Amino acid sequence: SKEKYQGNDFAGVVTGLAWTAVGGEILYVETSLSKGKGALTLTGNLGDVMKESAMLAHEYLKSHAEQLELKPEVFNNWNVHIHVPEGAIPKDGPSAGVTMVTSLASAFTQRKVKKNLAMTGEITLRGKVLPVGGIKEKILAAKRAGITEIILSEDNKKNLEEIKNIYLKGLKFHFVKTIMDVLDIALLKTKVEKPVLVN
Amino acid sequence: SKEKYQGNDFAGVVTGLAWTAVGGEILYVETSLSKGKGALTLTGNLGDVMKESAMLAHEYLKSHAEQLELKPEVFNNWNVHIHVPEGAIPKDGPSAGVTMVTSLASAFTQRKVKKNLAMTGEITLRGKVLPVGGIKEKILAAKRAGITEIILSEDNKKNLEEIKNIYLKGLKFHFVKTIMDVLDIALLKTKVEKPVLVN
Amino acid sequence: SKEKYQGNDFAGVVTGLAWTAVGGEILYVETSLSKGKGALTLTGNLGDVMKESAMLAHEYLKSHAEQLELKPEVFNNWNVHIHVPEGAIPKDGPSAGVTMVTSLASAFTQRKVKKNLAMTGEITLRGKVLPVGGIKEKILAAKRAGITEIILSEDNKKNLEEIKNIYLKGLKFHFVKTIMDVLDIALLKTKVEKPVLVN
Amino acid sequence: SKEKYQGNDFAGVVTGLAWTAVGGEILYVETSLSKGKGALTLTGNLGDVMKESAMLAHEYLKSHAEQLELKPEVFNNWNVHIHVPEGAIPKDGPSAGVTMVTSLASAFTQRKVKKNLAMTGEITLRGKVLPVGGIKEKILAAKRAGITEIILSEDNKKNLEEIKNIYLKGLKFHFVKTIMDVLDIALLKTKVEKPVLVN
Amino acid sequence: SKEKYQGNDFAGVVTGLAWTAVGGEILYVETSLSKGKGALTLTGNLGDVMKESAMLAHEYLKSHAEQLELKPEVFNNWNVHIHVPEGAIPKDGPSAGVTMVTSLASAFTQRKVKKNLAMTGEITLRGKVLPVGGIKEKILAAKRAGITEIILSEDNKKNLEEIKNIYLKGLKFHFVKTIMDVLDIALLKTKVEKPVLVN
Amino acid sequence: SKEKYQGNDFAGVVTGLAWTAVGGEILYVETSLSKGKGALTLTGNLGDVMKESAMLAHEYLKSHAEQLELKPEVFNNWNVHIHVPEGAIPKDGPSAGVTMVTSLASAFTQRKVKKNLAMTGEITLRGKVLPVGGIKEKILAAKRAGITEIILSEDNKKNLEEIKNIYLKGLKFHFVKTIMDVLDIALLKTKVEKPVLVN
């Protein structure tokens, strides 16, 4: 079912863009934290490559805790559960990397995610954002869902040329090189209401 | 075999609605707690997606303990075993999500589940209730089994239009957006007889 | 090979009824306890559904220890090994549930099992006994083996109507609703000779 | 390759009888102990049913330690490694049960195994010895290898009738009902040279 | 997509050479360390043989810590995560061995990797560098990407003879026998900016 | 690629003989030790039977530590990594048993392995050396590689008769019955240069 963007009230909920045989679609990545020893649980019918994206996101934040003003210990003191609805649909591929790392960063900092923003891009362990496929379909889906800003890898800039201007109207694009670029754009300074104390 | 609704004497036993090739059916989700370290055991010939629903339900309650007036520690001090009879029948899909989270919440609070109530709906980690398929068949099955109230996702409301009024007669519907909506409707304030002391 | 009933000298050895393509047969469920941390080991070429029956039986007794006058700690202090001979024959399905829970209960209480008794029925986590298939073949097999009393789910009562009276002669049936019904019938008050001290 | 019986110098080495498409053969079960926490390691290209035989043998001895004048703690203080040469040949089935339990008992007691003795039979958790197939082929193989005494399940006695007397000449048979019968026959009172101190 | 060499700013990022059906390509091996107990995590859609290369690299450095002026304890105090982008492409084979051991050594020492350098070669546990296939295609890819120095096994020297001189122009080759030869060439004495304190 | 024998400078590196569809070949077994709790890691694309050989070798040495003048504790204080290059080639079968046990013994004792020596043979847990296949091809390969002494199972002696004398010229054979025979021949009294202190 085609979904509408649903706001930014929750820490750890980030809008991604997926691409299937039947077109683009928005999807949500949800992160929930619970006291523990740093375990990572992944649900939502995820394939191995998508699970690796979550592992990369977790590891990247662990080794860049200070840049997000997080104590490194939080990653050992909290279990992370990442879920991608809808459970009946198998999902795979590396393109949710940026969405996952933003979801995790929002959950750990309890900072709000920018409104009406969606994103797609592979991440690497050193923090690069790599280009992904299906850009045209993803943009159309984002627009349909009410998204107004989109984060893409700089190396996906060229893919916009093949899209008619009319489809791009009303959309603001952010082209990024690194995970830190993504987080700078996506995470607001303000925290969500009733933030959980993560430390 | 077509079953009848069997009352609400047990904490942790909740009536769900399933949909198979041969029609709708009610099914029970049963939760049993035992002292432990928070392990989750799942039986009843469950597929991976259905197992993920149970993980989501467990995680959701863990991070929303206070809303149910539960100490967060209980989730680390009790092992959870969820069973869905009948063992010979393979079961899968996300639609038992609401039934599982209600079963778990009833087991941990020892609150009774509302009588003659059945439910179906996918849950997500942030607490949304998503629509599911087979609504018509599930409603017919619920009625046959003696159910009088049904909880559905608000996004399944539209599916009722395609069902003749005669089949809906005598049924009360609750359309919900969130897990908390489900628990508000499904869990009574009264506890079961001889409640287990969960803390 | 067609077996004969072999007496009730051992705690934890209970006679079940199985049903295969070539007819009914009696089988034994054997439980052995050893000091440990509550691990459950299952042997006898068992399929996943039959293994789940053993998990259900173990969990049920754990959360109903007091009704059997057992200290709840015993389930954490003793490892359980359940075996179903014969090792070369694959076995599956939920119908050994009642046999397994009786075997475990006898092992933990060291109470003798009623003589010349066999049983078949699925169990659920809340303690219900569900009906199973192959009743006619199982009854014939029980008689051949020298069994004189049989425990069945109340919902299997109707299956006796299709069996000629001559086959039922000399057999006493117990129709049960719950696991506690089964244990009340199957476990004698007397303990086996030289009982193990389980605590 | 057809092997010859190789003496009884080693604790934990017992001669079994196997049966394959190309005839009977003797095989050795070897047990080695090393200080540890009671782990059980199985090698020799063994199938699941044969592995279960080893688990049954280990468990049986654990819960009958006193009858062998062993302290129950030894099973938690020593790791057990059971190997069945030759590694290139897959082996399966329950018929090595008696051989495995004798091998383990010899290793833990350091008692010598009776000379020129071979055996075959399934074991159960309560200590029964069940009949197995291929008796004729196994007996021929034993004789060829220089074996003079054979342990069989009492229920395999009838299989000797179909074997010509000339093949049975020079062989002494022991028909047993229980594991304890096997150990009484197979384990000598004398220990091996330079026994390991197992406690 | 054909990539360009991307500099040597990061500790633990090393340029390797891969060879697929569609030609040679450069790839990056990235290593990230985080406080832990020495666990090794591998991502990037890696096959079993490539995972074994990472295990060999880790083990080799562990047992040759002193030669790199590392305390042996660091391998037990830090978890290692090795990633090979791009996640959508399955990768396998032993030829990334030298790249992995250099990546790990750079991460643990925080020493910079030589600029414009790429490498390919299998490693063994005793520290040998074995020859690999696809040398011609790999060299062409390296040149295209802006690489100017290449490390190969001495046993791959002969493969250069079959390549036209024009393709080799502007490339400097290092033929090595051992892992230590590789590290001597690839690791600079200078550390990266803001090195992590690994001890 | 056809390899040449490469000397005996390293503790834990032993030359074995393998046999494939395309003829015989020498291969190396390499063992590396690192401080730990006795874990056994196996790499080199090894099949299950070859992995079992390594487990047998490890277990055998553990229970015969004193004969090698090793403290039994060393096996619990050191992790063992065994690798068989080349990683791209799948390897299986029991015939590397003698090579593995010699590699392990050399690593733990730091004693040099006899020069120009190769070996092939299956081992058992009680220390026997069993015959293996492909003797002719293995001998030819050994000679080609510069090997001058070969260890074989006594039961492989007969296989030499079918080989023309010209191929055996310049080769010295050692026919062994036990693992201890192998180690007596293969391990020199002198230690490698800069031996690791294993205790």
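Labels for the chains are A, B, C, D, E and F, by order of writing; each one numbers its residues from 1.
Going forward, a contact is a pair of C-beta atoms (placed from the backbone, for glycine too) under 8 Å apart; a residue touches a chain by one contact, two chains touch by 3 or more.
Here the structure is a predicted model, which means the values were calculated and not measured.
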Number of hops, subunit A to subunit C, where each hop joins two touching chains:
2
Cα centre of subunit C to Cα centre of subunit D, whole Å, reads 30
Expressed in whole Å, how far the mean CA point of subunit B lies from that of subunit F is 60
Subunit E: which residues touch two or more other chains?
none
Considering only which chains touch which, how would you classify the arrangement: line, ring, star, complete or other?
ring
Beginning with subunit A and continuing through subunit E, what order do the ring chains follow?
A, E, F, D, C, B
In the complex, subunit D touches subunit F at residues 1, 10, 12-13, 28, 30-35, 41, 43-45, 81-83, 85-88, 196
Which part of subunit E faces subunit F closely enough to touch in the complex?
48-49, 52-53, 55-56, 59-60, 62-63, 72, 75-76, 93-94, 97, 122, 124-126, 128, 130-131, 155
